[in-house]
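Each of the next two complexes has subunit A plus one other chain: subunit B in the first, subunit C in the second.
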Partner chain A sequence: MRHSLLARTLALLWLIIGTVITLAPILWMLLQALKRPIDQIAFPPRFVFTPTLDNFTAVLSAPGFRAAMQDSLIVGVGSVGLGLLLGVPFAYVLSRSSMRGRFELAEFILSTKMLPAIVVVVPLLQVYQNLNLLDSYTGLILGHLLVVLALIVWVMRSFIDALPVEVEEAAYVDGASRLRVLTHIVLPSAVPGLVTVSALAFILSWNELFFALTLTGTNIRTLPTYMATEYVGFLAVDWGRLSAAGLLATVPVVLLVLVLQRYLVRGLSMGAVK
Partner chain B sequence: MARIELRNVAKTYGAVDVIEGLDLHVEDGEFLVLLGPSGCGKSTILRMVAGLEDVSGGSIHFDDTRVDTLPTQKRNVAMVFQNYALYPHMTVARNMGWGLGLAGASNSEISSRTKLAAEKLGIYELMDRKPAALSGGQRQRVAMGRSIVRDPAAFLFDEPLSNLDAKLRGQMRREIKQLQQELGTTALYVTHDQVEAMTLATRVVVLNRGKIEQISPPLDLYARPASLFVADFIGTNPMNFLEAVVTETNTLRTGNATWAMPDGLSEADRRPGTALTLGVRPEHILLDDEGMLPITFVEKLGSDTVFRAALEDDELMVRCDPGLGVRTGDRVGLRADPAKMHAFSPETGLRLN
Partner chain C sequence: MLIRHGRFAPLLTLPIVIALLALLAYPLIVTLGQAFWVDGGLSLAVVRETLSTAGFWQVLSNTVIFTVGSTLISMLLGFSFAYALEFVEGTRRFFASVLIIPLAMMPVVSALTFGMMLDPALGVVNAVADLAAWSGSGWHTETPTALATVMMVDVWQWTPFCFAIIHAGFRSLPADVSEAARIDGATARQELFSISLPMMGSVLLVAFVFRFMEAFKAFDVIYVMTQGGPGRASETLVIRAYKEAFLFFKPETAASIGVLLLVTTLIAARPIGRALTKST
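Our next item is the complex of A and B:
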C-alpha cells in the first residue's frame, strides 16, 4: 500500500522520537564515560569536550570488575541452565498432559512473579542463613532460578502448544518413548523458542540487582552489585567510571543477542504439517 | 500383518458417550474404510486402535493378542495423518528410517529399506530434503514411506488425502490402493469422502454418532443401503425421499403421485394403509414422454443433466441423459424401476425391502 507523503513523514518522525527516547540514556552514559571528571559535573552539561578513555581503562584494569563479570556469567549461565532443565519438561507436561489442575499449576507459577521481590527475599534470607547458602554461587543461582523459572515455563509452554501434536503422535507410533519424543522431536522443533527464552532469562539474571545485593556479600559480586557498591559512595558518585562500567556490562548481552539472532526467528517447525 | 478385532469397545469423554459397544472385525489383508460425517467417532476408533486414545470399555485384539493394554509403541502399527506429521528437522531419509532405528535395525538395513520404499513411492531423489522443501503430495508420499518401511501389523490412515487438491487426491488414492494390494497389509482407513470409501475399500463401515449403520462392500452400500442415514449419505446426487402410503391397488401413493410397489417388501409391509418412506436415486428415475410434472430447475453438468421436478408437496431430483434437452418449464412424466426402489420404516429408519 502506498501512503501519502504526510503519513510517511509522520511515521518517520515517530520512529525518530521513539529511538531518541530509547537511546538517550545510553547516549548520555556514553558521553559521561568519555568525559574527564571536571566535564562530568559541569552544568549546563557540555556536549563539546576533549574525550578520554581513562574511565574505560580504569574499569577494565580493576580486578573487581573482571571478577564481577565472571560472577555474573556463572550465575547467569547456571540459573538459565537449571531453569531450562526444570522448566522445559515442566512446560512440556503442562502443554501436553490432560492432568487435572495443570492450568491452576501454571497460573500458580506465574503468580510468583506478582509478588514484590522483597516479600520473597526476606524469608529467603533466613532460609539461606540456615542452609548456609548466603554469599555462594549455589545460593544466588537458586535465587535467580526463582526469577527466571516462571518466564521459561510460560514462554516454552505457549511455544510447545503451537507445535503440532500429530508429529509427536507419529513418533509414538514409530516406537519412540515419551522422553525420546521430548529430546528428539520436541526440543529440536522448539530450538527457536529455547533460544529466545534463554536469551531473555539470561538478561533477567544478568541485570538482577535486588536478590544479588541481598543474598551475596564479599565472595560473590555480580555486575549490578559491583557497580552499585564500587562507584556509588555515601557522598559522591563516580559518574565516569560508573557509566563506563555500565556500557561494558551491556557488551556481553548485545553480543549474545547478535549471535543468537538467526535462531530468534521462528520457522523451524514449518514443513512438518500443512 | 494381522486381523484386527474390536470387542464391545466404548469411549467416553467425561459424561459424553462417543462410542458405545462397538464390535468390528478387520480381516487380515483387508482394506476397511470407516466412513461417516465429522463427529461420528471414526477418528476416535482409529486412534484407539493406534493406542493414541485409551478405550473406556471393551478390548482390541490383533490376531490373538490383546493390544488395548499395550502402549502405542508396542503395537507395531503405522499411521498416516491428515497433516502428514513429518519430523520437521529431519531429512526425508531420516523421517522414514527413524522408526527402524528405534526398533534396533542396523544402519545398512535402514538405508536399504528406506531406499526400497522411496523408490516404490518415487521420492528417491528427495531423500536429502527436509519436509519444508517438499510439496503437499511429496510430503504425503514421505508419510506413506515412513509407514511402509516398517512392515507394520496394520496401516492406519486418518483422512490422509484431505489436504490435497482434487487431482492429486485421485492419483494418491490409486497409489494407496495399489500399494496396499501389493503389500497385502491390513488397512484401516478413516474418511468422510464417500468416493474414497467406494474406490478403496473391500468393505465400508458407515458410522453415525458412534454407532455402526452398515458394514458392506462398497457396491452393496449403494445398491442396498441399510438405513435412511446410509441412503442419504452414499451417492453423488442425494437420494429422493418421499413419505408414501400403500394403496388398495398394491401401489404407493405420495401426495398426488402413484408409484409401483418396490420389490422385496414383506407381506405385512404391503398391507393397504401402511406408511413407509420411499427412496429413489436420481439416476434410477425414468422419464415418460407424457406427464404433468413441471421442471423447476435444470443443471447441465456435461456428462449428464440433473433437474428438479415439482410434486404436490415435494421436489424430485432426477438425473438424465443430456441429449434429452430438458428445459425449465417442460412437463414430464416420471416412474421408477421397482427393483431399484428403496423402502424404509418411517419409525426406525431401517430398510424394509
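Our next item is the complex of A and C:
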C-alpha cells in the first residue's frame, strides 16, 4: 500500500470537506428553487418543505428569461464563430510558420486575458455610437471577440502543434497548395481541438457580464445582465425565481464542462498544460 | 516551419490584426489620450487629480489585497485538494469531477447565490451559525467584512481552476520516478518537496499566472454583491473605474485608472507570454 491509513483518511476527509463547500451553494439554490414563496423567506430557513416546480415554470414562461437565453445563444455562437474565423488561421501561422513578429502578436493577444475591459470600453462606446452598434448583436459579438480570442489562438496553437507535420509535408510534395493543405488536412485533423475550443469559448461568452452590461441595454440582454437586474429589486428579492433562473442558466454549462473534462485543463491553461 | 516565405502567413494573420487594431489598439490610444492629453498638450493634471481623489489609496490597497489574497488562497486550496487526491484511488474521478463544478458557474449566479445565503437577516449561513451559538456576521453588508466576503466568493469560484491544472500536473508525473524514490526509502514529505514539486514548476507557474490575471480584473462578484461598498470597503480599481465612467460620468478619471491597469497588464503579460511559449 502506498500511504498510511492515517494519511489516506485525512486526505479523504479534506476532499469531503471540499466537496461539501463546493456543492453547498448549488444545493441551496436547488432547495430555494423548489420552495413556495412562503418557505423561501421563512426564518430560520427551512430544510423540509413541500416541493413545487412553480418557480421553474414561472421562469421558463417569463418572456424576459427566454429572450435573454436567446440573446446569450446568438451572441455566444456569433462570437465563437467570428473568433474561430479570425483566430484559427493565426493559430496555424503561430504553429507552422516562421513569420517574424508572430510571438509578439500572440503575447499581445494573451494580454487580453488580463486587461480589464474597462480600459477599452469607454472609447469603444464612442466608436459604437458613431457606427450605430450600441445595443446590437454585432456590437456585443465584437466585444466578446476580446473575451474569446486569446483562448482560441493559444489553445488551437497547442492542438495544431500536436498534429504530425509529416502529413502536411507529404501533401506539399504531392503538389497541394498551401490553402488546400490548411483546409483539407490541418483543419479536419484539428476537429477535436476545434470542438473543445468552441465549447470553452462559448462558455466564456455565455458567462460574460462586463461587456454585456456596458455595450447593450434594452434591446439585448444576455443572461448575466438579466440575472443581475431582473430578480434583484430594491425591496424584495425573489429568491425562488432567482435560484430557478440561476440553475437553468448554469446547469447546461456545467454539464458541458463535465463532458469536456478531458481537454478542460488544456483550455484553462491556454494550451500550456496538456 | 512549413510556411516559410511568401504572403500566405501574413494573409492569414491580417484579419485578426485588423480586429485587434479596431477593438484594442484604437481604444487604448484614446484612453491614453484622455488620461494625458489636456487642452491640447501633454499633462499629468488628470492623473494627479485621480491620485489625490479621496480614498484612492484605499482602493489601491483593496485591489492589492484582493488580487494577491484571492490568488494565493485559491492556489493553496487548489494545491491541497489536488495533493489530497493523490492519496485516494477509487473515488478519484468522482472528486475530480465535483471539485471543478464552480468553474462553469456563471459568476453572476455564484454572487447572487452567496448573497442569498449570506444575507445577514434571512440567510441560511447566519441561521446555522445561530444554532452554533454564534451571532453570525454582516458579511458583505458590513465594512470590516465586505472585502473578505467578496474574496471568499471569488476563491470559491476560482479554486477549481487551480485545482484542475495542479491535478493534471500531479497526474502527469512519471510513475517510475516516485517508485524509485520510495524504493530508496524517501518519505511522503521528501517525495513531495524534493521530487514532485520541482518537476511541477511550470504547471504551478501556469496555474498561478492565469489565476492572478483573473483576480486582477475581477468585476462580476464585487459588482453584484457590493458594488464596491459599503462605502469603499470592497472597491477595487476596476470597480472604481467602472463607477467613474458609468455612474459619475468622468471618463478622464476612468481613463487614468485605466492607464494604471494597462501598465500593470503590460508589465505582467510579457514574462507570462515568454514563460508560456517556453513551457509548450
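Side notes on the structure shown:
Here is the rule we go by: the second predicted complex is superposed on the first by the 232 of 274 C-alpha atoms of A that agree within 3 Å, B and C clash if a C-alpha of one lies under 4 Å from a C-alpha of the other, contacts with A are read in each partner's own complex, and residues count from 1 in each chain.
Assume contacts are C-beta pairs under 8 Å (C-beta built on N, C-alpha and C of every residue); 3 or more make two chains touch, one makes a residue touch a chain.
Everything quoted here is computed from the prediction, not taken from an experiment.
In the superposition on chain A, A:L6 contacts neither subunit B nor subunit C. When the two complexes are superposed, the chain touching more residues of subunit A, out of subunit B and subunit C, is C. After overlaying the two complexes on the shared chain, residue contacts for A:V48 are found with neither subunit B nor subunit C. Of the two partner chains, subunit B is the only one touched by A:I185; subunit C is not. Shared-chain residue A:D174: touches subunit B; no touch with subunit C.
Residue contacts after overlaying the shared chain place A:I118 against subunit C, while subunit B stays out of touching range. Judged by the touch definition given at the top, the superposed model places A:T19 against subunit C, while subunit B stays out of reach.
Once both structures are placed on chain A, subunit A residues 169, 172, 268-274 are touched by subunit B and, in the other complex, by subunit C.
In the complex of the two chains, the subunit C residues touching subunit A come out as 1-4, 8-10, 12-13, 15-17, 19-20, 22-24, 26-28, 30-31, 34, 77, 80-81, 83-88, 91, 95-110, 112-114, 116-117, 121-124, 127, 130-131, 156, 160-161, 164-165, 167-169, 172, 182, 188, 202-203, 206-207, 210, 213-214, 216-217, 219-220, 223-224, 237-238, 241-242, 245-246, 251, 254-255, 257-259, 261-262, 265-266, 268-270, 272-274, 276-277, 279-280.
If you check the complex, the residues on subunit A that touch subunit B are 164, 166-167, 169-177, 180, 185, 188-189, 268-274.
By the touch criterion stated above, subunit A contacts subunit C in their complex at residues 2-3, 7-8, 10-12, 14-15, 18-19, 21-26, 28-29, 32, 41, 43-45, 85-87, 89-90, 92-93, 96-99, 102-103, 105-124, 126-127, 142-143, 145-146, 149, 153-154, 157-158, 161, 165, 168-169, 172, 178-179, 181-182, 203, 206-207, 209-210, 213-214, 223-224, 227-228, 231-232, 237, 239, 242-243, 246, 249-250, 253-254, 256-258, 261, 264-265, 268-274. Against subunit A, in their complex, subunit B makes its touches with residues 50-52, 71-73, 77-79, 81-89, 98-99, 102-103, 130-134, 136, 139, 146, 150, 156, 163.
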